[in-house]
Amino acid sequence: MRFSQEREGGVLILRLEGQLMGGGEAEEVRDLLLSSIDQGTSRILLDMGEVSWVNSSGLGILIAGHLAARQRGGTMKLMNVGSRIDSILNVTRLSTIFEVYETEEEARRSLQGSNA
Amino acid sequence: MRFSQEREGGVLILRLEGQLMGGGEAEEVRDLLLSSIDQGTSRILLDMGEVSWVNSSGLGILIAGHLAARQRGGTMKLMNVGSRIDSILNVTRLSTIFEVYETEEEARRSLQGSNA
Amino acid sequence: MDQVIQLAIPSRLELLPVLDRLVQGIAEQMDFSEDEADAIAISVIEAGTNAIQHGHKKDASKTVEFRFNLNPDHLQVVVRDTGPGFDVDAVLSSDPTRPEDLMKSSGRGIFIMRQMMDRVDFAIRPREGTFVYLRKSKDVNGRGVAPA
Amino acid sequence: MDQVIQLAIPSRLELLPVLDRLVQGIAEQMDFSEDEADAIAISVIEAGTNAIQHGHKKDASKTVEFRFNLNPDHLQVVVRDTGPGFDVDAVLSSDPTRPEDLMKSSGRGIFIMRQMMDRVDFAIRPREGTFVYLRKSKDVNGRGVAPA
């Protein structure tokens, strides 16, 4: 699990790479999400394009981010979700919770339009 | 290990795919090589483009084909050799024995020009 | 007997990707489809995660054992930890997809295994530990992934 | 002790690709470069091939054991079969790259291991079997592949 971050117009874009499976670097993603939200950045876009794998611990991290952003009146959205991860989101019904965008443009537009 | 064969102008083109590591299907490659040569096809081109891996047993199969073709006055050449396999050929000095071509055109031309 | 692959790893979550690689290799060797291979891999990883996290409390000196039985028509995987076990019935009767549970940050591992595999069984044996049995058949409606 | 991964497989050459996957995963986990990972994988495969072919004569009921010791600065792999062993000195003194041996269809496995790894040692122990020790260090001139 590697990640890089960008900030643009009040939106935090977090690009994840590898396996989001809990332990080590995956916990750094949780910490970064929660501390950014704590510091006031509550509009977050997770780029899942390079994520090959998510297990239930990884899903827990996504949920933690989602809840924290919402508590601050913001929102966390996903983009570039591959078919493997899409199937896990479907199986666990988390697809009904996370907003998923196909393209970066759409995702950014939806977040920058919001007033969080 | 999977393979497919083509015959063109007296040349047998064998396209290998996967890991050439001895056992099972790799032995089928040996059998095909030796029986084709036995039946008079002694100009052979091995397409290694989709071969991800060769171990010492796989090298033994290549050598068996090379020797059998030569005994019939023919020749066996390689093309599309990736860097992993190239390094094994170098380490074992088999690079001094096998003729390796970069492109299919070159390889075919060299074989069709020969009179084996 | 001649189709058993055994793996033993220390209880470290960082090793799960290594497990993923091995399982994908075994699934490929058995000619499972890519979807099926993914389903098997994630299930074994979930079972391994539970063994490390709940069974061994991440004590790296404790070993998690994986036993892969490669049969012509199915794969069986047994995951073993030496922890105290848990109340299986209670866990099996909970459903993490109920609207009120959907936001819980945990409690999905066993559910995912049961969605992805044909059979999931548990055995808690005093002094021996906790055993998870995962089974996936070949072809028979090759459902690697549950419908949305 | 908490960095040991163990694998046991039946003596079937068809399982070598599974071994390849596991070794690549371990090498990746240890942050070896791709060239180094390839070098390690092919060496472990050669040792496994010998254990299956020479040590166990492909008797699938016999198990080959692999022990991976993950250390901060190096990986050590021990490959064990329960066969009778062989004359190590005789094999080590032969060189498959000599012009007169170049066309031999076998006799390259141990040579490849020695080119690819930093250290290769053997132990033949009565009643215990044949042990091959392979060692690869990190960074120190990261030579995954010998020069042409």
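Things to note:
For clarity, chains are labelled A, B, C and D in written order, and residue numbers in each chain start from 1.
By definition in this document, contacts are C-beta pairs under 8 Å (C-beta built on N, C-alpha and C of every residue); 3 or more make two chains touch, one makes a residue touch a chain.
Just so we're clear, the structure is a prediction, and the values are computed from it rather than from any experiment.
Steps from subunit B to subunit C, minimised over paths through touching chains, total 2.
Taking each chain's centre as the mean of its C-alpha atoms, subunit B lies 26 Å from subunit D. The distance from the centre of subunit A to the centre of subunit D, with each centre set as the mean of the Cα atoms, comes to 42 Å. Put simply, the C-alpha centre of subunit A and that of subunit B have 49 angstrom between them. Within subunit B, no positions touching two or more other chains are listed. Listed for subunit C are residues 12, 14, 17, 20, each touching two or more other chains. Every pair of chains that touch is listed here: A-C, B-D, C-D. Residues 1-10, 12, 14-15, 17-22, 24-26, 28-29, 60-61 of subunit C are the ones touching subunit D in the complex. Residues 19, 21-24, 53, 55-57, 59-61, 63-64, 66-67, 84, 87-88, 90-97 of subunit A are the ones touching subunit C in the complex. Across the complex, subunit D meets subunit B through its residues 12-14, 16-17, 20, 35, 38, 42, 45-46, 49, 53, 96-97, 102-106, 108-109, 111-112, 115-116, 145-148.
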